[in-house]
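Labels run A, B, C and D following the written order; every chain starts at residue 1.
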């Protein structure tokens, strides 16, 4: 594997994990609490690996703090007796706009790994986006997953491997491909390194088992070898075009932060986009996802499907992302924490809490469905020390 | 009771409270000091319940910090030899613009509960706004209260109960209704939950004693049952219209944060409005009350009566709220703290301190009465790290 | 005494003070260091009384932090071989623009009190502004003072007392009156109160010794008695007009923060103004002096003489005040600290350090005299978390 | 020596230094880590002297924090397979844009002093800029240095000394002069003073050995003697003109912060400029170098060569400086720290890390060479509490 996901893996030894709970711990009062609870379930190095991002965590921190720039504007006396969080996305009716982001090699966090996550997704009516780097084969996950599952695809160095993965995903009932393009190379997480994190030697990318290893290229005069190798197999417009053309699955692209890239991808024919900075695990120093979301949305106006991830911890975060242009959101770290704490049950409970938190925000801003969550429902934060963000389009 | 006020109640056991002082503790040098002094009079869980707001306290904090965005502009050599804090509000002459906000079930903080508060209000010439969820019947409170008392009304699930409450309030000499509309559903306070706060099993809403319980509706497909139930009994424009039409009391509405809602309520015929976010106990993530006040005032120009609450701790806070558009303010948490510390005496002393602090601000800005406290008396804060708020209208 | 200066006095008992040094302590590397050194020379309550301002110290803090909003813009290769800090002010040639602000009853800080300060002023070629509330009679101070001394005047309740003070000051060679108008009433310093500070019973305002006490007025219906009393004797436009008309000394007014007040005072015929908020000891919540300075300067253009005080600790602070419109500055707390630390020697050393710090700023911004310190020498701070201040006029 | 560089020297006794490592310590995961690692290799006073700047470190802090005002804008799917960090500067092909800033008397940090730095520069293909105040003669350094070396020149009080230095530099193969103009006088570092730092008595400025000492002038009436002396020998336009005219080396000027100075220097015929505030060791209170860089660049448009230093710690810092107008950057404190930690090896490793960090930023913003790093690659930071900086020119 040349391309490497920094959520790839953690020491899977017995010492690395404590036994996950089989019930919800008593102190969990909101979705965000899973982050704290997970410190008791993961060894410190593994926790640091999940929590940290690329290099200095500049973007990890920015992702979180960007939500502080906006307040929710309460409305009163509106009739929201009958409300719901449903949406139609990619020709499917979904119960709510909270998807589970693709996270690699989840065995590091729970022995049931992606099987538990898939069960939690099914139990909470969530779309599961399975990582290429799953620790469980995509076919096995499909057997326990709910009806709506997508497959996250890292384009492989050898195009025939990519094609085979796509074919397998289609055969196993994955309804869409989500091609990650924002992390062809990653700086290691300093936080994880300082906590003593080491990629475990027995980490397995089960989906890639049996494929041949790609040849390494000759060193270039410019980049040093490892960077040149990484960039040589980075996804290209051409590969993406082929993937869209060849089918059979619709192609989403994940990792877009610039309106020009978004426009060009729409022109290329992608089914949808995910505004993301890889949870701060790609380019350290990239802006918060939330900060670029309105710009990307204004480049690709509705109804073009736009998803979003980056730092979501609360129902109000989901609300703000929707108000600033997203159709739905993906949740990454909270998913990992919930899985670590209570397996499938934790994942389902975390999504339920987030969904209820979102519903309360909707009720108190007078929104009876997601389409009511427009930019008008937000107001720049009144709190001091909050810089203003670009004003969203109405 | 479906609708629930997060200030509703606290464990009323002996252990939950220490004996309140019968005199002012020596360390109180300003109104705000009651917040600190109360930590010695309330058990930690009850204190957390008073101090906390909905969920993460985002709005509680915003309410407090919004005052930092403005400075008071000193003027010199003006003749303010004869000055006063009087105002005319709702056809009554009031000694000062500091009202006591409606707070539910005050027995949790002091054995004399609302009776003590009412005596403190009378002693300090303050308007008392009694909560629907008082731990003492409104009739008993009326017997010890001062001449100006209002009744805060939660619209009840059964309209006949609402009507009966209104009739009782009118009969007991309450001069106005203050209908709270901003918290049909509330997220629990995380701070209170983490401090071990539990709603006491013997909490009593004395005014509602003897009314039948409302029937619960069938679960809807969208909101989960508890939210659907809550929203089903949330106040509506129609109910409000009926209340205004049926009389006999003038109807104020509390909990407005958006200029469009304010405009529509004025058109409906309300007697006045209270800009409020329920002290941060409604929608967590709502803007500071102070931040939206100028916008609401510009939507409903003077002389339409506009009250305000949210985070007031100091005389300069009162001054800023008046300068940004309020005719008078309501004080919530400080009232609870003062009650807990020294009962009726504490409440009266707290109001007196706040009023004196306001008077000094007036004297040093050259304002001999409240009408002189215009937007010109403020200047955006010169302190670094303070974001600018919307400029008030002159 | 009705009017009361919060720097008035401190417990003058032996316990309240440690013996002041007779030499400069070794750790003083810049003028600001006197603030720290003084903690070892004053008892905590007295220190708190000096350091604190009105109420919550909001304005004390704002005064200090306002300097952070501006950077000094370095220039290179300019010929500043021959430079100086001289200026002409009130028809006198001064060696530098650092005046000693009027501080009341300095015996609380050093046994030699104002005599030591006057000697320090003389030794450092500084203008001394002696307080009405000096602990030493103005005549005695005049005997040890340098050639340029001014007299700070609180207008007294009885006009004949005021007239007598003016006559005495003129007779003793004080060249100007500085009438303080910004603190007819003051909120006590919470910091000082909490530190146990109590005004000493033997505090003496030596200049007022022997004058009759003013009668107290009847209580008004509005303000409570103490505030009404204070405001009844507050300075008025009429008194000021009489003072200017009757002579014989030129009248400066200290405590101006609003351009309209400044304009009106210039029209009245004052000799000069001092932009000041009484070091944060007047209206708590007033803007930083530095924040209003450019507005006042633009209302009373050069060459009208404009002085400034408020939070000056460093040579770069002096530089910024000059660049934003001041002709010279007054130093208050640093003076008190230096006096407490090392008496006359400390005061002279503190001024010398501040003057040298200013000179280095001048050399590195290419200013060979004070007239070169224009608004062009500043640039809004590049540091994050610094809000922008009003842009100064060029 | 009249002119004095605050990085001049540190106590060179055995106690002042611990033995430098001969290998890279295990905890170094990024270039910035050398700052922490050096605390174990330098005595605290020497460390404080390196880390501190003039006076209060206002500008040192501003230099660091200015980078937080900008984010890097990720781009996807660009072909950066073949990329490099090469540039052409001053008629030479350089492998990367990271130069080693001139630092005085490096024996204080490592026994091999500038010889180690020169070897590290050669090993990492870095341009070495040797200080006039080197602890090793420039000829000896030249013998171990790489092919591209420049000489930093302090103009000397006696013009013939300056001329001799230039001749020696030219003879020893230094390809350019970098004349420092921003620190004719410096305030001592308070941090260093408080840490007990004293300039060592045996500090040697090897290049100046044997030259006569300049005469001191008579004291002027204005500045005190030491400042007058310093300014009398400060560089002037005339001296600079002569230096350019007389040759033989191209003359760069270091220490420019104002666009007007930059313009005038270009008109004078300098070969290039270095935007710098002497690492915060000149005028304390000067703006961050990064904050003035776009203004200077807009005054001297490309292709005029503009270098930059001030607070660089990370590859993303280098990237931001290039995006805001620099052609290349100089690294000062990191160089000193790396030298202290591991001598030549440390210097080379630090540069390599910084270069790799830069390369990753380039790859993830889609820049295959330095010319692609334009202002379009940045976006104002989305993080709260970050004030906006002047927008760079496109």
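The rule is short, and it goes like this: contacts are C-beta pairs under 8 Å (C-beta built on N, C-alpha and C of every residue); 3 or more make two chains touch, one makes a residue touch a chain.
Every value quoted in this text rests on a predicted model; they were computed, and no experiment measured them.
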Third chains touching both chain C and chain B: none
Same or different contact residues where chain D meets its copy chain A, judged by the half mark: different
Chain located farthest away, centre of chain A as origin (C-alpha): C
Averaged-CA centre spacing for the pair chain D and chain B, given as whole angstrom: 59
Averaged-CA centre spacing for the pair chain D and chain C, given as whole angstrom: 42
Sites on chain A at which at least two other chains make contact: 385-387
Pairwise chain contacts under the document criterion: A-B, A-D, B-C, C-D
Chain B to chain C touching residues, read off their complex: 27, 29-30, 32, 71-77, 79-86, 314, 316, 319, 356-357, 359-361, 363-365, 379, 381-388
Touching residues (chain side chain C, partner chain B) in the complex: 55-56, 58-59, 61-62, 65-66, 68-69, 181-185, 187-188, 190, 193-194, 220-224, 227-228, 230-232, 234-237, 240, 253, 255-258, 260-261, 277, 282-288, 290-292, 385-387, 389
